[in-house]
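Below, chain A partners chain B and then partners chain C, in two separate complexes.
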Partner chain A sequence: MSDTALKEEDRTPADAPRWWERGDVRAVFLIWLILSAVGIAFAWVPAWLMGLSASSEMDDVKMTMTWFTAIAMPVGAVIWAVMIYSLWKWRYRGEQPPPDDAPGFQTNPPTVVMWIVISAVLTLFVFAWGLVKIAAISPAMAMTSAATSASSGLRVEVTGNQWAWNFTYPQLGNIQSDVLHIPLGEQTTFAVSSVDVIHSFWIVQMAVKVDANPGAITYLTVTPTKAGTFEVRCAELCGLYHAAMETTSVVSSRKDFDAWVAEMRAVKPVSSMTEGGA
Partner chain B sequence: MRRLVITLVTLVVGVVFVAAVGITVTKANAENQLTVQPALSLGTVDTANGKLPHVVLELSAWPDSRSGCHGQDGGAHPDWVTFCNTTSLSVPAHALVTVRVHQYDAGEKITNAYFAKVHGTADGMAVLNGKSFNEIPPDQVGHTWTLRGIPSPNQDPLFVSVPLQMADEEKVGDNGYPVPNVVEFSFYTGGPGKYFWNCEFPCGDGTYARFGGPMSTQGYMAGELTVV
Partner chain C sequence: MAIATHEVSAAPGSRRAGGVLLRKMSVVTAIACGLILMFAAHYWAVNFFVMPELPEGQDAPSALVYLLENRVTLTTMAGWVVGFMLGIGAFNGPVRWFFGKDLSDADLLYQAGKDQGVWRYFRFTTDHKVVGIQYLVITMSLLGCGGTIAMLIRTNLMTPSSSFLGPTAYNTFVGMHGIIMIVATIIMVTGPFGNFILPIMIGARDMAFPRLNALSFWLIASVVPVLLSTPFLGGMPTGWVAYNPLADQAPPGMDAFVMTIIVFAISSAVAGANITTTAVKMRTRGMTWTRTPIFVYGVVASVGLAIPAFPAFMASQVLSGLDRAAGTTFYNPAEGGSGWLYANLFWIMGHPEVYVILIPAVAALLELTPVFCRRPLFSFKAAVVAIAGIVGLSVLVWAHHMYMSGWAPSLGGSFMLTTELISIPTGLLFLVFIGTMWRGRIWTRLPMMAVYAMLWNFVIGGITGVYLSDIPADSAMHGSMFVTAHFHYTLMGAALTGTIGAVIYWFPKMTGRMFDEKIGAWGFWLIQIGFNVTFIGMFTVGFAGQPRRVFNYSEAFAVGNFVSTMGAYTIGIGALIFLGVVIASWRRGIVATANPWGAKTLEWQVPTPVPLENFDVLPVVTSDPYGYGKSDARPPDSPSDRPREGVGV
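Up next is the complex of A and B:
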């Protein structure tokens, strides 16, 4: 038992320091304060590591990541502060081996209640935050085929195939491409499926992802906010070349998008079975 | 002292274990290394992209592995469909690459009609037995030759896919296999990089939606193409 505890035992109840006056508590608090400050100061790092944002969905994800990291830092710092201080202050330095009987822990009801209440409040907060964010994107996820057909905006049929993606534009004469072209600032609805195993269609910088299931169609909607070339990956292990099942998404102005569509529509089919073919 | 000895022994055992795993994996990779088939040079050619080196890759697609490139008995999987002579290919950078495939296998309807069309070739076309085409009926597909790379700032993008029309099983050649359809197509390479190719017509052993077995095995229906 520490000297401080012994001294405390010798004191009368009237002389006992209040819990916030105890040296151990103040030391732990100071360590917690420093760790929390450092953690919160760097709470932006995880979102920064996620890279470029090309949609409002990605902006939401990055903001959520930053807020949750900032909120989680003080919580984690409590554990780290108690652990660091305990390892230093109460490390056994007596004769080896240490005695079997160690001082027992004593419960402190106010501390337990405070810990439970704070944890509950934080949990409810992140739960509510998550519900709000999911509600914002769920309308697209719950779409039926009829609803997506009637919705405004571009519709792209995404087919996952071991090990390549291909995209079909039913509103544009069923042109097909291995590169996803979508117009900037316009809502695009994806109807995603697979012809073999389960894949997962993921536009990385737009933070939208949905499984591509054989025999079923899943939907997602995105409105790109940045022009450029972005990554499309398969996010569900699907065989030998799963890692190579990547392509690009080109977000361009409406004018450039229309030019690309015109270029694709200009390609005339020449079948191997027609006269002059095989 | 005893604790020190135990700690050292634990460390040594750990290092030996990790080293053994590394050596085993390296050895397995080395055994799976395929003979690289470099493209055959045809000199240079005038193209829409200027004067470029012109090379050709000769491949064949067989309904089983007994044609010879896996050994006379067909190797470990004599019944597996296969490309020959190897699926590990090498072509020069900034070149026009012509691929000529002798397709000996029958076929059926492909699961994704996208791959019944020609994509990514130099002129958007391919040639089947001397006649140009850019699509074949989806129910006449024997195999495909589909090349792609992982999009990366370190290498140029490349996506080429050509359907290989099924051979007529009623026309049998002297080697006992159907008379092959010869499909020829060309594409441009950019800078150096590593790309992957495979057949997108699932005709494997029934596992993984018929993409198991030979479809997922380098040396049979999947391989690598290195641009050097």
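Up next is the complex of A and C:
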């Protein structure tokens, strides 16, 4: 994007260089190239900061972050290159206003058009990326309750209340828990709701996030790809102890999961809500 | 134009048909009157909203206690606001008109603040320059309050399990920091500069409706104490978004928020009508739309955008207040209401509001860039189109705040498109900046450094916004510290930096003295460095999954938060230095000449201090305001202007 070259020439009347031959343009292009290269070299940082991934959705999100960062760096570098070069080359130091001897051109239509076209292309790319990933990431976001209940796999009813999460397993004798247990490698559908205010159900390492609304049920599916213990948080300010509204999500093999279910069913034939303390 | 009429008749000035009361009114009578009406309203409410007789031994139902409490609180606050406005003299004109005694010319001149010295700043003064200074002072005070609260918040977040504030105070301060800063940043450009500078810039003697101008300011002044009373009324646990149904279970501190927003929405509607009318109808002869400075476009875009946006905010709070005080159930899902209704109303205001804040600040920098680069504004028309594009698109993007809410997930794609399209006009503004700087004579005074700082910050703020606009990324980042860092980069890094640039740029005209750039630069750069440290630290913990608005957090986020807090203290020190320089320069700075920057817009062509009516003779504009640099239209024998093929393609 070195097309920030503009049509006024240097003061040499004859043999004025073409825009890409001019010193300013070449210097800015060089700075842009360096900045972009450095920026792209660090495009892995966001995904690295995001840490562990425990679902294919999270893999997708991390890839999105890396790609967006890699694309964003050259875009930002255009501005940064002109900033650096202008301070170095065109700086005026003085007490009084500078003389009026800068070039007086007011616009450069090819540059403007090029700029708009490139930013439009980038925007459409980002949009298309988003559409493709929405389809991949959360098909259940748009699911109706009927479609979801018909779908196979484990179903977990997630209920937010101030300030704890409660998980009910309707297919497994309505056992309840304040720690989320789900089997590895199997599709799980969450039916998320709330008994008081708006919460947001968030399994950090699985990129699972949907609001828990009082009086409504929202759906989301995930297929865990990693066994272990992951964090469940609330992502919507829900009052005094919003910060403490955390629990864990245990992803284990089917065998271990079944063992846990059996244990739960043996220990407490639950009828009343198990309230999590605040 | 109120004060221009004094030429018509100077004779009946001795008429003592009133005006005595008008001359006694000031902020002192306003506070006195406000307090009287507040106590009267409180007394009346306590006696009117009483608990019905209960059967023996039965406790009052808590829902009813709650309703009565909110009724009393809201009535008391309304009493204060009405009393304050009565006492400041906001209703003098209408009342006199009602009785057939319009204000005399002497009254009008008095209201414009003629020959009143410092006291005119404490009265219902109609002179746009007085209102501009009033706005500047109230903006800086609000920024000071919000900033102090931010320091408390960051201190609490310095360590993972701090008990510095405790949950109640922490949540209240988070909400108050938010709403105070939102109010302050909404008025920070259109208030001080839109009032002081804009009328002079377009060659007018005052605003179109000078009394509405004073009204818009004093409404805000009246409601600031209401907002600041929140912590004393039990606080607010909701953050500045005041989501329902959480807001419905909040203590009476929430009523302060409701009242503040309702009054603020009236104020911004009044200001919006006034400023747009002024810019459209009162530009001087010869100031065609292509000769109108870009700052005027920015201010008009901002207040124009506020006109459709803030009524939605007001409506959301009126319904919230009714739920709280009248027992309605607009937002109560148990009774058939919906929290999504609130979220929609709120964000229909909430996203245009971001541009209400951003556009005028960026436009102020667009205004000063040609001056300090000695170049015409690059592609003026592209800048206008970009501003218009942002305004148009910004009313269609609100639901990107609700991607994860479960409300209409099938609309996600459309809102993603509108949101991402906004980056095209926004990107165009960047081209205007760097095109103006291209081969300029860049005079690196402090206002120009604000342009550089803003470009750096706004690139980061803009690009992280693109991440968030994309649903897959948002599913990880929504509700995390990443969002907090992103919008601080746009609202503080871009908009507040732009405002700081505007303050330094117009300081000589508004105060008559030069801003001390030597010491001021220390404050400025400490703010910028501290800002980047704070919010880059916040990006890292956001990526790692720290939720927003938490008073304690996991050990995993300890380092990033500590860095953020250190950065925040740096901002605090920088801001104090900057504030000190503003005050010191205002009092004893070097006396400014009329046009210290050598700028070409009209406000620099009038004397400093600006006379009461700005211009002796209204100017006639014959050229565009950015005629810097060597003329483009030189005779064809000049070899350097010979058109050549292939240029710039």
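What we mean here is this: the second predicted complex is superposed on the first by the 239 of 278 C-alpha atoms of A that agree within 3 Å, B and C clash if a C-alpha of one lies under 4 Å from a C-alpha of the other, contacts with A are read in each partner's own complex, and residues count from 1 in each chain.
Everything that follows uses one rule, which is that contacts are C-beta pairs under 8 Å (C-beta built on N, C-alpha and C of every residue); 3 or more make two chains touch, one makes a residue touch a chain.
Values in this document were obtained by computation on a predicted structure and should not be read as measured data.
Q: Of chain B and chain C, which one touches more residues of chain A?
A: Comparing touch counts on chain A for chain B and chain C gives C.
Q: Pick one for A:D178: touches chain B only (first), chain C only (second), both, or neither.
A: After superposition on chain A, A:D178 lies in contact with chain B alone.
Q: Mind working out whether A:E231 is in touch with chain B, chain C, both or neither, as first, second, both or neither?
A: In the superposition, A:E231 contacts both chain B and chain C.
Q: Where does A:T159 make contact in the superposed view: on chain B (first), on chain C (second), on both, or on neither?
A: First partner only.
Q: Looking at the overlay, what does A:A243 touch: chain B (first), chain C (second), both, or neither?
A: both
Q: Check whether A:E21 is in contact with chain B, with chain C, with both or with neither, and answer first, second, both or neither.
A: Touch status of A:E21: no partner.
Q: Both chain B and chain C contact which residues of chain A?
A: Dual-contact residues (chain A): 196-197, 214, 231, 239-241, 243-244.
Q: Which residues of chain B touch chain A in their complex?
A: 111-112, 114-115, 117, 119-120, 124-125, 128-129, 131-137, 140, 146, 148-151, 157, 159, 161, 165, 181, 196, 198, 200, 202, 208-212, 215-218, 222
Q: What residues on chain C touch chain A, complex-wise?
A: Per the touch definition, chain C meets chain A at residues 167-168, 171, 174, 237-239, 241, 243, 245-246, 249, 333-334, 338-340, 371, 373-382, 404-406, 409-410, 412-413, 416-417, 420-421, 423-424, 427-428, 430-431, 433-435, 437-444, 452, 455-456, 459-460, 463, 466-467, 469-473, 475-476, 478-480, 540, 543-545, 547-554, 597-598, 626-632, 639-640, 644, 646-649.
Q: Residues of chain A touching chain C in their complex?
A: 3-9, 11, 13-14, 16, 18-19, 24, 46, 49-51, 57-58, 60-61, 64-65, 68, 72, 75-76, 78-80, 82-83, 86-87, 90-94, 96-112, 115-116, 119-120, 122-123, 126-127, 129-131, 133-134, 137-138, 141-142, 192, 196-198, 200, 202, 204-205, 207-211, 213-216, 218, 231, 233-244
Q: So in the complex, which bits of chain A are touching chain B?
A: It is residues 159, 161-164, 166, 168, 176, 178-179, 195-197, 214, 231, 239-241, 243-244, 246-248, 267, 269-273, 276-278 of chain A that touch chain B.
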